[in-house]
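In order of appearance the chains are A, B and C, and numbering begins at 1 in each one.
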């Protein structure tokens, strides 16, 4: 069932009137809430020009917001690359025919999926600091990346695994039939198709990673949120600064979401993979079960590159 | 291993995990409620409600949780004066922060609950809704008696994932001063940097214990409850 | 397959070490050819002490640092400031990324095990910040049943709770600016930390006339100049520079400019400091 039109009949004159009333009432409620918020903020002096004008100056952008955005994007970009590498290794490892490889990989994946990213960051930060593993300038970045890499790596591992499971059985069998070894079949036939099918979900995961970099501010990583705090200290406008930063996050992530949909539509048209694009929900389904692998069928849910709740 | 006894005695680690559990459960209930309302809005016949629903999901889903929680405290509480605990009670700060954190976690995860339910609605065959309309049920009754009960059963697995994510995300409540597991871990690590592996191990184990059974439970539930077609 | 895995692992490790390598390029203490550079660690988020204002840095810590740098023979253009969050100060000094730190860095015995200190260049104390019209909070003892804000893990809030007011309620944020927001909205009654930091917030133009520092300190914080452990040579030079700064009246000028407007009164017996700790 798709779309919502099947849930209700074409409205008659009375239903149209009801809809209009409900529509107007909900808009009224929304406006009322907005008015309350604006009125209160005004009363507290949060809407004065002095608090908002700084965002029209170049200085706030060149010294705070843009470096902050670069910090956020840097951490996200490095994490994505490392998470993909780690995820593919772990995912393939979990599919290995040798129990000696399969089990450790499964344990690692399940462990890092259970541990909150924030805790992982706090731990890496303390660890790197105590043993002096990174120059302190790079310490927060290294800790942010470590936290994001392990969690998202295990998510990618699950994506790889369910991507391979989602391929028609014939793919693997055909590979065997022409005499490829297990490893070669994985490397030449299964993995390339699984990764192609994963792409939209991976772009969706990017949004999760980007949002989670914001946790880095707790361990003093110089990203957008921390820059917002600095702006707040400089101009005494913490709340406006946070609102601006939130808007930047929403805009960047919204476009990443759009990109994920594009990639997915492209994949579906080109049909490179025998499986068809994979959605995070599908992956989740098989992933929840821990070691119990469930073959996922493509009709389980409408696949789209929507990001999960992260962390 | 004196750290382990410190965990129980000096730092009240169990109390911290109890806070984590309370945070998770209360937020889960509230998120389910808000999420269902948003999901219904998104499939409703009133266009304004539909756009409000998608606006909610798109904005909340793309905002970092840290910011959502900070806004609950700095925005709702400090600026709008929305107080969730009696200001004169001797524990008003702790109660208020806890409740604001619950609100923030619920508002954030409600967006994902709404998406999960929507994906559940997508598993309900077209004929079900058509049949409901054919016997003259209006929109809300179609949802209430035919579509949603099946949608929830179809959405069990993604809802389980949201619950697991929520459990882990409750750690972010520490930014407004709620003493949950990660906050206690941070303090312990600062005081005993020589045994960080043990400290991390204890807390990580705590989360594995919390999340693993939920995963297994929801997988088996999703299989048991799946509507056989 | 195996080679691929090994290759990928190699890339991961390379990327990780690459992170390390990039950071090592900066060398804090001059020495290299072409004009001596001095890297000084300061706070970026404490108005009145060390604050990043766009591309400029202001505050008492910054002014003292600039004076000392000049006395040590560094030109103003060769002094570079770097953020030194509290948790990273020891390691920044330890691996030489900054030569000296002026960042509300209290001299304590535990810290002396890891770093050396010159100074003190200012003696502060933990105090309370309240709204300007507040008459009933006269000191830490008056906080019973009140709401007190500080940053997570702060010693001063714990001290108030343990020694002065058992029934005080603590609100902990990760930054002081959130405490100040909370104080200004009336959600809490007082903020506690060093009186200098409190005065810095009170003196900000947006907060003018809104807050006051109570002025009953309940600890002594001797702000020192953090140096690499055993760097007695720089320590002696810094102490000489500090002495000159105090004697010439420049110290008082810097204080009046940065913290004086908030009406902060430091203990006259120890401020400006006349004697400095022996360099060891």
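As a working rule, a contact is a pair of C-beta atoms (placed from the backbone, for glycine too) under 8 Å apart; a residue touches a chain by one contact, two chains touch by 3 or more.
Because the structure is a prediction, the values reported are computed rather than measured.
Looking at chain A and chain B, the chains that touch each of them are C.
Taking each chain's centre as the mean of its C-alpha atoms, the one that lies farthest from the centre of chain A is C.
C-beta contact counts were set side by side for A-C and B-C; A-C has more. The mean-CA centres of chain A and chain B are about 17 angstrom from one another, to the nearest whole unit. As a whole-number value, the distance joining the C-alpha centres of chain A and chain C reads 37 Å. Annotation: 38 Å between the Cα-based centres of chain B and chain C.
Each of residues 74, 79, 81, 174-175, 186, 190 in chain B touches at least two other chains. In chain A, the residues that touch at least two other chains are 44, 129, 218, 238-239. Residues of chain C found to touch two or more other chains are 174, 178, 181, 185. Those residues of chain C that touch chain A in the complex are listed here as 1-2, 4-5, 8-9, 11-12, 15-16, 19-20, 22-24, 26, 44-47, 51-55, 82-83, 85, 87-88, 91-92, 94-95, 97, 174-175, 177-178, 181, 185, 204-207. Residues 1-2, 4, 6-9, 11, 15, 19, 22-23, 26-27, 30, 36-37, 40-41, 44, 46, 110-111, 113-119, 122-123, 126-127, 129-130, 207, 211-215, 217-218, 225, 238-239, 242, 245-246, 249-250, 253-254, 257, 281, 284-285, 287-290, 292, 294, 300-302, 306-311 of chain A are the ones touching chain B in the complex. By the touch rule above, chain A contacts chain C in their complex via residues 44, 50-51, 59-60, 63, 78, 81-82, 85-86, 88-89, 92, 129, 132-139, 141-142, 145, 183-184, 186-187, 218, 220, 222, 229-230, 232-239. Contacts from chain C toward chain B in the complex involve residues 145, 147, 152-153, 167, 169-174, 178, 181-182, 185, 187-188. Chain B contributes residues 42-50, 52, 58-59, 61-67, 70-71, 74-75, 79-81, 108-109, 112, 115-116, 119, 121-126, 128-130, 133, 138-139, 142-143, 147, 157-158, 160-162, 164-166, 168-169, 171-172, 174-175, 181-182, 185-186, 189-190, 193-194, 196-197, 200, 203-204, 207-208, 210-212, 215-216, 218-219, 222 to its touches with chain A in the complex.
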